[in-house]
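Notes for the one structure printed next.
In this document, chain identifiers A, B, C and D correspond to the written order of the chains, with residue numbering beginning at 1 in each.
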């Protein structure tokens, strides 16, 4: 069994079925009848008018958002373990034309108003220093922590008071919402988030993420940036279809719940081996090299995550019976 | 019947079947067993060692190639009707960090060594003028003309003699090769082409094009640029699978032949209405507004292409029986 | 005698004297008492509130202006012989992060609303085409023609009606204003110009040009872009001093008049050899290679400017007695 | 007396005299006889063949160097207090098209092979992480420390072994060389440095720094980047003249020695108030707010530099008699 990452899982059957449904001639480039449903579908989901764009990767969603929120001469405050800082190969700098990521601290890759303000307050407001223009948080975080709506709102308040824009990287938004038990609206625009990267690929999709603008005025320029980045697929309906399938009858949320449940099972088994509280679908364990080897010998694959630590990620298609043997193996260590 | 563009057609069943085959857990990001086959498969097809990268759009393929071939302070000579100049929303400038497209003339969007040299020779070789560093041609061209291998080789010779790099936009490479009846090798690297955007989406694919480097040394940096552009899909195996399906048993070529045959049928019917010789799968017709309306009244849809002209594009799935009624309608005008 | 370019002339003594005056310790980076006078001085000169920034080159002034007026995904309409297109080594693309220059036609490098609209109207308003966002004209033009205030205003009206921004490259603004006999205000902001590159180096300065924002809201971001481009000199007072000296007691205008007068002298002598009307300080002559050689044999140096043509530029320090021998030599051809 | 920064001082009389000497008509844009002497003059000074370019600011020199040494998708390791990170308004990101600065630690802003390697070794060598391509050190450092030739060479060795390029920001290179008592060659190219920003403005110049390439092959592209950045002054001879004056008869070194001597005087007086050893011309003092106020009350101006610390910088023109009163005042605290 592989627990490397939820981005390696197969595609949900309902997503696959949706691809077959759109497999007929239609207009290219967002002009098809499925792409045209996205704004409405996501507006319903978020209980407010949004603009929704399909893109093929989460990096693309994140970086188009950052380009919309921060000028080339500005900075974006994020956690020093943020995906945009560490795992996107410099894409934020490419899309923003060289904006600077400004690194804040916080346990489990989670930011607070205080940790964000600490970064900003150390920057003299003169022409020599790049100034912060936006904040980006990841929910669930890179270490599987989840922001509650009030936590997001506190950051949103800080942003508003400082004149900064606010982005959420929701590569695992489904896991976050499933965990928090809140409405998607409460943890995003009602809390001040202006752009959301809404991830589906890690949660049962194939090749489509949604970039959601709650500040709908940002969409027009971003449509041009998306094209300019070579991200406008002619047969975009095959991406729209994935998002429509994932958001129909709460499939996204159900998938998130399944993965979270699997992680919870492991968390119970792991006890004080846990490096971080398990709030979504990622589990970080303290294990010795020997223990890691023992788990692998039993057929469980996962990444080492720094010395003495391992990361296990549960996917949408790994149900309890698939997880139980690993939980037992961890308990048996 | 719609003849707007081959990029609106459905996906070939064998491509769809290939998606189902890879729909199982595997390693993300090029690490899966299908992505790993691309270099070998395309090396076989081109009879030389190549590096092959999947990307989701032709614009991405083109612009990653240009970024590999031209520095930010350089220029790329292309036709003034080239797709990279007119239809990619400034993506070449984005990917190359501001290189300049230098526009050459030529009937039917086709370049010759003379038309290319004319552009270059008008540029003083001083620090005030951006200097050409590369040439990009489209094969088949934006007006459906096809370069013979010797025509490409003549441009390749010019590039070599001037120290320029050489790119081919092969969004309709299948149609071009099917038309020229040559080997893929003869019309590319044997003729001096160093990077090829090998299009599949217009020819039966869903969301995968291949960027082929004949100068394999260019691939390493491009893998980083691809990631940096948000184009590295975690579930890239669904793209690799499309390319593998399209290149198995000459599916790409067969599809190209079908589309070309349809266009030839229209060309016969059109006679001296043709604006350009029909060499691939696009047909440009002289029609009055009334004639265009008459065709549309009979259920044929297509784009106007400037005053008094119309463009009709044949897709891989439009076989003779689908084309014949249009041919008759054109003849009846 | 050299008539290559006015950018090779020495520095006016009053400019030199101003450098000596500021040669004392003061605050760095715009904080000195001379830099602080620029806004006021230029506001007086233009009879409206402006923001004025020193920069070391005209290219820097132009390209900072373009970056303020056009997003990376937009286009700037300019003449195909414009300095920004041909003589700035790709700086507009660098500063704007890849905006596209869109080339319009017009005799003597002069644009009209019609020639500008012709470029724009050929661009479909879809996501595939880069859309125009700004117009840039050069006054005096690259061929020494001068825009009258009403001509600028007609372009300004077009810009307003289309929602475009409007920039003037005034590398030879002094010559233009001296020639038109208008107020600086009439030919700029009253005619719709929002940013002006006000040149001094060709007119007696050493290393300082002014970038003037009539739309003062554009200055704040540009101050950051100027720093980010490495253009913020610590000892900026030596640049401010040059601009203050040039704008004191109309020195800029007097210098422009002298150079124009010299050109007029040559124009009289040249008669129908003139390629363009002589309205500022540049003279374009039809001369055979033998005639050019004859002039050079008499000690007059200048550039060939295409086959059968020569360019002669008069500098601020070439008064009538310096020009007369050349005028005689031209007449004697 | 002001001790804010050496970049606010006046210009050395010999530099001023040199401006007067070049104040005659000559060819623009590096074509003049003074600009042409730079390569030779600096090659002599560095005892090897170099290419030397004038630029108007140290930021421009640094960032052109970084653009030559690091691709857009790469990273540059520097100290977290480096000028390029904190004081250049994002210019490194602008010039490199988005390369990432990677921040290393070290007392007094000084790097060691170990601190550099620590940054690099934490970066997995995969496509998701930006990879280091170059190292940049500042000599003298932002806190006035000086690298000995063997310290630079140790970093140079690391760079060579890792395949990284090596840049030195020598905004205060004169102070560093004067302090180390070494040859300019020993602390640069003989120690592996490939590009040096050789500062003159802080040391008696007006508006000219030199960018020195020991790897001369880097110059050609940089000449184009310099133009493209709007940094190629037409009357560049006024910049070349400054560099020629500063490098004639060791003026640069003499000026550096004077400033260092002044700082040494203060260091003696400061005793254990020193935050960092004083090795060049900057003095960082521990002072209470009351003490700082007391110094200011006596007419000494300087910057606070974080809580309880002050920075005093000695300029080339502040000789012992100008410094002594401040030294006494510090001792009297």
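The working rule: a residue touches a chain if its C-beta (ideal position, glycine included) is under 8 Å from a C-beta of that chain, and two chains touch if they have at least 3 such contacts.
If you want to know which protein each chain is, UniProt gives these names: A, B, C, D = Low specificity L-threonine aldolase.
Remember, it's a predicted structure, so these values are computed and weren't measured experimentally.
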| item | value |
| --- | --- |
| Chains in simultaneous contact with chain A and chain B | C, D |
| Centroid-based (C-alpha) most distant chain relative to chain B | D |
| Whole-Å separation of chain centres (CA-atom averages), chain A against chain D | 42 |
| Chain centre separation in whole Å, for chain C relative to chain A (CA means) | 50 |
| For chain C paired with chain D, centre-to-centre distance based on mean C-alpha positions, whole Å | 34 |
| Residues of chain D whose C-beta touches two or more other chains | 72-73, 88-90, 94, 97, 127-128, 224, 227-228, 232 |
| List of chain C residues in touch with chain B within their complex | 72-73, 75, 86-90, 93-94, 96-100, 127-130 |
| In the complex, chain A residues that touch chain C | 29-30, 71-73, 97, 127-128, 131, 221, 223-225, 227-228, 232 |
| In the complex with chain C, residue positions of chain D that touch it | 2, 4-5, 7-11, 16, 19-20, 23-28, 55-57, 59-64, 88-91, 94-95, 201-202, 206-207, 224, 227-235, 238-239, 315 |
